[in-house]
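Presented sequentially are two complexes of subunit A, the first with subunit B as partner and the second with subunit C.
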Partner chain A sequence: MLKIILPMTMLLPVTLLSPAKFMWTNTTMHSLLIASVSLHWLTPSYYPLKNLTPWTGTDQISTPLMVLSCWFLPLMIMASQGHLQHEPHERKRMFISTLIIIQPFIILAFSTTELILFYISFEATLIPTLILITRWGNQPERLSAGIYLLFYTLISSLPLLITILYLHSKTGTLHLPILKLTHPNSPTSWTTLLSSFALLMAFMVKAPLYGLHLWLPKAHVEAPIAGSMLLAALLLKLGGYGIMRITLLTEPVSNFLYYPFLTLALWGALMTSSICLRQTDLKSLIAYSSVSHMGLVIAAGMIQTQWSFSGAMILMISHGLTSSLLFCLANTNYERTHSRILILTRGLQPLLPLMSVWWLLANLTNMALPPTTNLMAELTIMIALFNWSPPTIILTGIATLLTASYTLYMLLSTQRGTLPTHITTTPNSNTREHLLMTLHIIPMLALILKPELISGTPL
Partner chain B sequence: MASKPTRTAAEEYRPNRYVSLPAELDPATYDTSPEKRRAEAERLAIRARLKRQYLLQLNNPKPPAVIEDPALLRWDYARTHNVYPTFRPTPKTSFLGAVFGIGPILFWMAVFKTERDYREKLTQEDKWRLGFSAPLHSNKTHKDQTYCGSKAAGRCCWQPPIVGGI
Partner chain C sequence: MNPHAKLISSMSLIMGTSITISSNHWILAWTGLEINTLAIIPLISKSHHPRAIEAAVKYFLTQSTASALILFSSMSNAWSTGQWDITQLNHPTSCLLLTMAIAIKLGLVPFHFWFPEVLQGSSLTTALLLSTLMKLPPITLLLLTSQSLNPTLLTFLAISSALVGGWMGLNQTQTRKILAFSSISHLGWMIAIIAYNPQLTILTFALYTMMTTAVFLSLAQIKVLKLSTMLISWTKTPMLNATMMLTLLSLAGLPPLTGFMPKWLIIQELTKQEMTPTATIISMLSLLGLFFYLRLAYHSTITLPPNSSNHMKLWRTNKALSTLTAILTATSTSLLPLSPLIITMF
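Presenting the complex of A and B:
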């Protein structure tokens, strides 16, 4: 565990002390090295928890997310090179340091076995993200975006803190393996109902659930590319992962809690997919598609069967990669036209044919084309939900149909059609952008061959 | 022969619910009054001014990489950022919000709850087995009993062993 956390923390002095000529190279290479070493977490094991230290332990639902977060640091650094080109060296250093500060907290959040440490790292990821959005966003709306992000998450996580402390006072421990063995809080009273509600709400806001999702389009749209990648690929998964961990603590609660969350998640998947069809802003479209996919993850997390947890895990990983890839592609458009309006950046296939290959692959995986892992995840979740209650297939089926339609709409608007007449020059796609897309696609394609790695089942 | 005076085409073909009046039958098309011509000249002047601004930028020896269209930016702003400031809760909007926003949630909650309660009831009465997606039925519904392999076991058709849910 320490062999990843210590180098990751030491990346901060690397950034702050590197000479200007080598800063990008040093940080990218060292974070890639850490990412490749982190792959050892995925080795199979029969133990319930591996890599045990007093406060951390990894198992099959935390290791894929941790590997994903290690993998994303070099990608985020590479993606930011474009828009930071003309900034003075000090500011570039500060930007990369902000990115690096988040990483140890995310790793801690996914690997910890203590609830309080999870809460602390969950909250600690908020401030650097806020800095990324409000300091380095591009439009004046970034201020309201930062406020929405901060206050939505904080208001919902305060009940979480109180409930965690209450749980500690009642059971005397917050160590997750021990909590699995304690006797569950028996009678269903208002206290247990409210405490399960409070435990879940913070993750529902983070995931996000449909009624509480307002912060997400704002934050994703106003963030710089590294912020969007971070949010889409990692921070949303904190919500999904939290739901999967916390539901073992809310076990014997009245089953009635399932219904509002499940209905909101599934209906929300449908609604946000239809909103995507009416978006004029490309990044907003991708943000709403994130809400749609995470709605499926929440629905799967709530029914708590083996298949649904497996589907939720695969969907979180595949959606992280796909969504981040789409945001990187949208950013390449934005860097060329400084506008996110969909009809302004249309017809790019004749202009940038190589980039259109990546657009095609990204959209194909987004609409859950077989044999990608996105399809495996959606099918698993749909089947698990059908087993829970057959009418859910209506909602999930329509959501899948709408996903395919808005993804097709996004592909056709950006790639096909007449070229806009008002763009006089377009810089060609450079190697850095192609490398970025390649590094997104390669894990997705490789995971098609061995999805057991991310499926959250004992290998 | 014709008992009533014939009507002109313009009077025969009036617009109705399915089709609007074509331009050829609209008397305003053939109106060449000075007011109309002045209005058309003004619109032409505006279009020509906009086109001149666009072409000046396009044919500039050092053109900007992207020529901005302020009308498009205003339209996009109105669609994305100006929605909530121009919203006011009225009886109509509150009704629409309740019916289309909260209504479907309550509807689907009711659907799931009744379906699951029905299955729970069937399970209590032992008419349902986990892992099998149809309720148990009697063998009176089978006309041809040759493929009911488990007749010896007293059942009317093959059923899978009881397994946990997926």
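Presenting the complex of A and C:
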């Protein structure tokens, strides 16, 4: 673990002490190196926990997410080069430092076995994200976006803290493996119900669940590209991962607890997909599609079967890559026209044909085309939900249909049709942008060949 | 202010605080409190502004009333138990009176009305003294008598202080009043745990003093008295504004900054003592405070160019930053990993 955490923390001095000419090169290259070293975590095993230290341990649920977060740091740094190029050098440095500060906390959050350390890392990602959104966002709405992000997350996570400490006073420990072993819980008392509810709510807001998702469109839209990538690919997955870890503490299952979350998650997948069809703001469209996909993850996390956890894992990883890719593509549009309005940036295929290849691939993976891992995930979750209760197929089926329709709408709006008359010149897509898209697509395509790596089950 | 007068006032403050903290006899404790009250009056009113004079008078009246109540409670305890030992406060009326008197002295709800106005009337440095040093003797008295005080009453004072401190701070634009309400809310947290684990009260008070001193010193450095000034003060000291954001968020209690430590430990102790609803209520109420800390943070750093540049900028000063501010800011943001060490110190 230390071979990743220490270099990642040392990236901060690299940023602060690099000469101006080499700052981007140094940070990108070193974070890519760390990302490639982190790939060894993916080796599957039947041991319950690997890479054991007194406070961390990785297993098949946490390693794909940790590898994803290591992979995303160079991508975020590369993506930010565009909008930061005219800033003074110090501000570029501060931006990259903010990105780097989040990384150790995310790695800690995904790998820790101690619940309080998980809570602290979970909350610690909030302040740098707040800084990214409100300091480097571009519209005045970013201030209320920061407030929504902070308050939605904190209102739900304070009860989580209290319940974690209550667990500590009852069982004497917060070490997850031990909690797995010593957890009798009377299924009918109010205390159990409230404590399970409190444990889950923080992750429901983070994931986000449909009724608690209002912070997400604001935060995703107002954030700069690195902020959007970070939020979509990593911070939402903290919610999904938290649900998968915490549900072992809310046994035995009480139906009162899970029905509301399942209903809201599945209905929310439908609702947000429908809203996507009427969005005028491109980033808002992608943000609502995130809510839709994560709704499926929450639903799978609630029913807690092997297949559903496996499907949730694959969906989290593939959605992370796809959503981030879509945000990068939307950002290329934004950098050229400084507008996110869908109809103002339409018909780009004749202008930027190479970028339209990436648009096509991104939208094909978003709508869960076979043989991408998105399809594997959605099918696995749909089947697991069908096994749990047959009528859910109606909801998941319609959600899949709506996903395909809004994705097609997004593709056709941005790529086909007549060019708007106000676009007279566009800078051509540069190599950095193509590299960015490639680095998103290659993991997705490679994972088609071996999805067991991210499926959350030992081979 | 005349250096001799300043010397006498500061020496008296130190003497008064030391007398109260180290005393065993109630009369001596009362003496120290009175010396403190009298010594800080010239410091509050030194600018001779009508608001300052009014603040000094309000401070004097409330603190004298509270001291008289403390004297009365100790005397009634002496009448019924025959001894003047501070830790042996056994008579129930005395305990009740003492709790109320200390609440007046500290500015706990419902006796908090003097505090924002007194802070607003004094200069930033005097406000710092009022928020940190002047709270030390009354909290010491509470700590010494904590085992005999009524926990329900203390919990009520705590929750209502957190509520009013958070809620009233929302509409303020003057930084001293905002910090006054933050002080009231933090005092609520300190009082919540005093009946169960007085060490945590000491810890919270120490950390709160450190963070508030960092904020007050930073504000005094850039002479920011209201939010609109804070918005344009970044040109003077950009780094200080950025670190002030972190210190303010630490006061708000966000992990992984130091301010999270007292909140975490207090909630842990409260849940251990089966007071989970209290813990939930008081932690949700601290979110109200988070809003105005966040607004202060927005004004100090986050709304910066190139996003908002249609304003007159203040001249950059060449004043060197004081080392004390730097040290306090560093400790008030990065002390959380050292929590095991810090707990053992109290």
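Odds and ends about this structure:
By definition in this document, the second predicted complex is superposed on the first by the 456 of 459 C-alpha atoms of A that agree within 3 Å, B and C clash if a C-alpha of one lies under 4 Å from a C-alpha of the other, contacts with A are read in each partner's own complex, and residues count from 1 in each chain.
Here is the rule we use: contacts are C-beta pairs under 8 Å (C-beta built on N, C-alpha and C of every residue); 3 or more make two chains touch, one makes a residue touch a chain.
Everything quoted here is computed from the prediction, not taken from an experiment.
In the superposition on chain A, contact is made by A:T305 with subunit B only, not with subunit C. With both structures placed on the common chain, the touch criterion links A:T263 to subunit B but leaves subunit C unconnected.
In the superposition on chain A, contact is made by A:S169 with subunit C only, not with subunit B. In the superposition on chain A, none of the residues of subunit A is touched both by subunit B in one structure and by subunit C in the other.
Within the complex formed with subunit B, the residues of subunit A that make contact are 141, 259-260, 262-264, 266-267, 280-281, 284, 305-307, 336-339, 341, 343-344, 383-384, 387-392, 395, 421-426. Residues 249, 254-257, 260, 264, 267-268, 271-272, 276, 279-280, 283-284, 287, 290-291, 294, 298, 301-304, 306-307, 336 of subunit C touch subunit A in their complex.
For subunit A in complex with subunit C, the touching residues are 87, 105, 116, 119-121, 123-124, 126-127, 131, 134-135, 137-138, 143, 146-147, 150-151, 154-155, 158-159, 161-162, 165-166, 168-169.
By the touch criterion given at the top, residues 54, 58, 63-69, 72-73, 76, 79-81, 104-105, 108-109, 111-113, 115-116, 133, 165-166 of subunit B touch subunit A in their complex.
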